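For reference, the structure I am asking about is given below.
So that you can tell them apart, the chains are marked A, B, C and D in the order they are listed, and the count of residues begins at 1 in each.
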Amino acid sequence: MDFQNLLNIIYKDCKSASTEGKVANYIPELAKINPNKFGMALITKDESLYSVGDSAEAFSIQSIVKVISLCIAKEYLGKDLWKRVSVEPSGTPFNSLTELERENGIPRNPFINAGALVVTDVLIDILEHPKQDFLKFVRRLTKDNSINYNAEVAKSEQKHGYRNTALINYMKALGNINNSPVEVLDLYYHMCAIEMNCEQLAKTFLVFANQGRLANSDEEVISAKSVKRINAIMQTCGFYDEAGEFAYKVGLPGKSGVGGGIVAVHPNAYSVAVWSPKLNQKGNSQLGISALESLTTLSGLSVF
Amino acid sequence: MDFQNLLNIIYKDCKSASTEGKVANYIPELAKINPNKFGMALITKDESLYSVGDSAEAFSIQSIVKVISLCIAKEYLGKDLWKRVSVEPSGTPFNSLTELERENGIPRNPFINAGALVVTDVLIDILEHPKQDFLKFVRRLTKDNSINYNAEVAKSEQKHGYRNTALINYMKALGNINNSPVEVLDLYYHMCAIEMNCEQLAKTFLVFANQGRLANSDEEVISAKSVKRINAIMQTCGFYDEAGEFAYKVGLPGKSGVGGGIVAVHPNAYSVAVWSPKLNQKGNSQLGISALESLTTLSGLSVF
Amino acid sequence: MDFQNLLNIIYKDCKSASTEGKVANYIPELAKINPNKFGMALITKDESLYSVGDSAEAFSIQSIVKVISLCIAKEYLGKDLWKRVSVEPSGTPFNSLTELERENGIPRNPFINAGALVVTDVLIDILEHPKQDFLKFVRRLTKDNSINYNAEVAKSEQKHGYRNTALINYMKALGNINNSPVEVLDLYYHMCAIEMNCEQLAKTFLVFANQGRLANSDEEVISAKSVKRINAIMQTCGFYDEAGEFAYKVGLPGKSGVGGGIVAVHPNAYSVAVWSPKLNQKGNSQLGISALESLTTLSGLSVF
Amino acid sequence: MDFQNLLNIIYKDCKSASTEGKVANYIPELAKINPNKFGMALITKDESLYSVGDSAEAFSIQSIVKVISLCIAKEYLGKDLWKRVSVEPSGTPFNSLTELERENGIPRNPFINAGALVVTDVLIDILEHPKQDFLKFVRRLTKDNSINYNAEVAKSEQKHGYRNTALINYMKALGNINNSPVEVLDLYYHMCAIEMNCEQLAKTFLVFANQGRLANSDEEVISAKSVKRINAIMQTCGFYDEAGEFAYKVGLPGKSGVGGGIVAVHPNAYSVAVWSPKLNQKGNSQLGISALESLTTLSGLSVF
């Protein structure tokens, strides 16, 4: 498959497409991004890298980080994790309180905000130095020690995070948070504020296309069984209230963030990251979804 | 892959497993099934058939039929179908009215009862002789003219179907049903009352593992694009409120029915049907899910 | 209190008021009413009658009838009635299915449609000839044998009643309806299709201002205790999702209907009926509420 | 009416009744109350005071205070208050987030926690020294300068108040809170921690039975119109999810608190306070409701 050619075609289409989406603007740091940025990078199991556009420019990965934090929590807690968070798709927006109330404080899945907060609470329990240890894990996956938190973004999220404060206090009231809400939120906002470019992001997620091993290495970072399961959760829950639509259009497990990034995985083949800041009404990158739809349609390859 | 050997191992495990599930008992015809029945059949793209246990004994396929009716409606209406039914997973049980009210009568997906009723309404609009034409389509997929409706089962469902009557009248009130509720329900209950054995069921669904073509034939029954999309919908919505759990454990697109049947598809490889009448609390065959989990774990093959 | 003078003032104000409300138009019989009709009648405990405008012109009392059917069911079943319908205000519109699902088929109160259907089901159980016996009871309260059902209206409601069909079948599925849905709906639609003018309506409800006795008589139709309780239910639940607003503005127990009628009761003093077909967004007569607010404000009399 | 005799009869009945209710135990200060305490006090418009049992022993008035804070906010803001909080009964428990989400952060009424928090936010906007000014207002109503906050109770509530923290942050996110959540909660917990005995409580609420004037005085503290309206809100919303039941059984406007107190008002006649710490499942004083039901039944007096 000539992936570079595919990426060139997609890039050309996307640059000429007119979009109505809007850049996330709830914090100044996200609002000031140039809305016309577009980058894409694909890396195969053998570490061949293909890229196009602004693929070397860093952006805030936001909710995409939830997949990585889930990995760590799952490896430590195993099945016990599912006592505190379910793996079912949510029928409501990512920050809904209604569903959480109906389910007595057990979030529907680890990728809605409530579920990611529970996973963060787990990280504080199991990591000795949560912020440093988490960053170390990300750098190990990416094989790149330059990856870091953007403290400004984290601080700004904290300042406007009334809704997340509501979610975590509600779960604390129902007994599903062990640590102090303030401490959990601090780690959560830092993790969301990690910055990567498309190439780094694709590299980070290659582990999910490689049965849990680092590329060109026998080092197993995550068990093959966990990889299968986390891919399944990405497939069913990775796009908030648009998970079905994404599975339907793209047919790959993936995860999006409000920074405009999307990462997707073709098990045993490749991982791919795309970045375009304009979001559709469901909060996912509009061109990002189109680009990935083109990729699986043009290549004829999807998990389905 | 020695599928026959795998099936033998799974059969042995399942026969000795103790289960707490219960046979569906809301109509007499389903309640009188021997709860200890267990059959399984797998058919590969080249039509090699492997089977074990009660794989030649017919049972009521029930909700599994919703995938077939969706195929027909999708082929005729194309994208317009999605104006009347969404493709997002549902966060609530398969016959919930709450969600339907929130979404103004547009069902979340075609596999919850409300969505299947809308699809049935479409069939009445597009098929000249709905009951005969539908059966003809199923027989074409299965290459078996003995497939038929069980009129007794259909009649019994009708008699106890107050909840479906509620669903369809509610959608009629909101303008999402064209035909008379009575007529739609009649076709719906007949379709659910189709009987097949595991071998026939696996054969029927082989089309979804074969990019829409009949096996060993160039005849395209469904477009490759539609197949990709219907597989995606099975993956995200095929198991009511247990879709995430099934994706997580089994990692294949599939569909279950309250008759105890489950069918799953490994795109470009095989389709597999399993039957065990005892249902878990979410209404899916308990041993059926275990058997499929063993299949993908032992074979090391899943879409993830 | 010079009630006639008050009514004259209110009439003048209402005739000159501009309203944005709309006549109920879901059935032709209601849609063809002259929207500018306005009538009002007040009758005191000693049967002094005051009236103004179109107070002698009959209209469809619709949901107002639910108070009368509740009386009969309550007298027969006593406390047992509350096992099948609650007496709590509803936080959602009058025909919501969501709440009914959350409460497992036990309607929140007897004045939302679901609750009124349960009460109607009770009437079929306890009355020998439901339609005749019910009419007889109404005529006894009104002391007027000309009161009757409008069969055309009942038939038309039946024809468009998909939502009520949904509600009753849902409750039947959950075991809270004893009789056939079709039979219950038939009685229900007939009861709603009773026609009265304001004077007759005020007379009918005088029993609730007179501790259950017919005016100028020792004949107790309803126990004083039941009257106290039914007035309380009218106060908290009589105006769908606008009950709090009505209590707040008017301060009297009352009940509205989509035909544009409202009846209210000042215990131990008077009953009052008003009719103006234009409805506000909550489905209650817009001028009717204004008129009653003026009545309690100008007279300085309310239960609060 | 010989109220002292009535109170004696009720006291005797209540002391011998066996109850299954439980004292509120979410904070240590409430949990340590003797569950068998029972006090009742009734004061008529002319300030005749009748009392029985532990009527001179102070307890935490908790949610009862919400009526007083509403008075102040209503007097200052007038109708504008209703843009930020509705006056409709809630169909869900007092601290539900679901309803708040459905209504976009506008609480259903000022007596559920969310609504009371909005009212508290208003007080911070309009009072120069919120804590002192509020206490001053309460002392003016009660004509008793010994009334005070219990700082220990306030502190303890704050410490366990995750759910209220959730509610207020959620409304802050939706733009319905002007001040800092921490500041609003601090005032809220102090107000709830006011202590009174039954006699003081009855005196405080006499203003609602006296058209807004202090007893034996021409001093209007609240407008007569506001009194009518606040009584109406107490009637429809004063008992969380048991408002209909209370209206049905007791037939008076009233308000309860988890400290076991209930106060009720018979407009133009009397106010009455009762205290018994054991709560029923809906969070209202079990014997308190019984006592008030006996009062209106034995006296034959209720607003209905």
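In this text, a contact is a pair of C-beta atoms (placed from the backbone, for glycine too) under 8 Å apart; a residue touches a chain by one contact, two chains touch by 3 or more.
These are the chains along with the protein names UniProt gives them: A, B, C, D = Glutaminase.
The model shown is predicted, which means the values in this text are computed figures rather than measured ones.
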| item | value |
| --- | --- |
| Where chain A and chain D overlap in contact partners, by chain label | none |
| From chain D, the most remote chain by mean C-alpha position | B |
| Winner on C-beta contact pairs when B-C is weighed against C-D | C-D |
| Whole-Å separation of chain centres (CA-atom averages), chain A against chain C | 55 |
| Where chain C and chain D are represented by their mean Cα positions, the distance between them in whole Å | 32 |
| Computed distance of Cα centres, chain C from chain B, in Å | 47 |
| Multi-chain contact sites of chain D, meaning residues that touch two or more partners | none |
| Contacting residues of chain A [partner chain B, same complex] | 86-92, 99, 108-109, 225, 227-229, 231-233, 235-237, 241-245, 247-249, 251, 253, 267, 297, 302-304 |
| Complex contact set, residues of chain C against chain B | 96-98, 100-102, 162-163, 165-167, 169-170, 172-173, 181 |
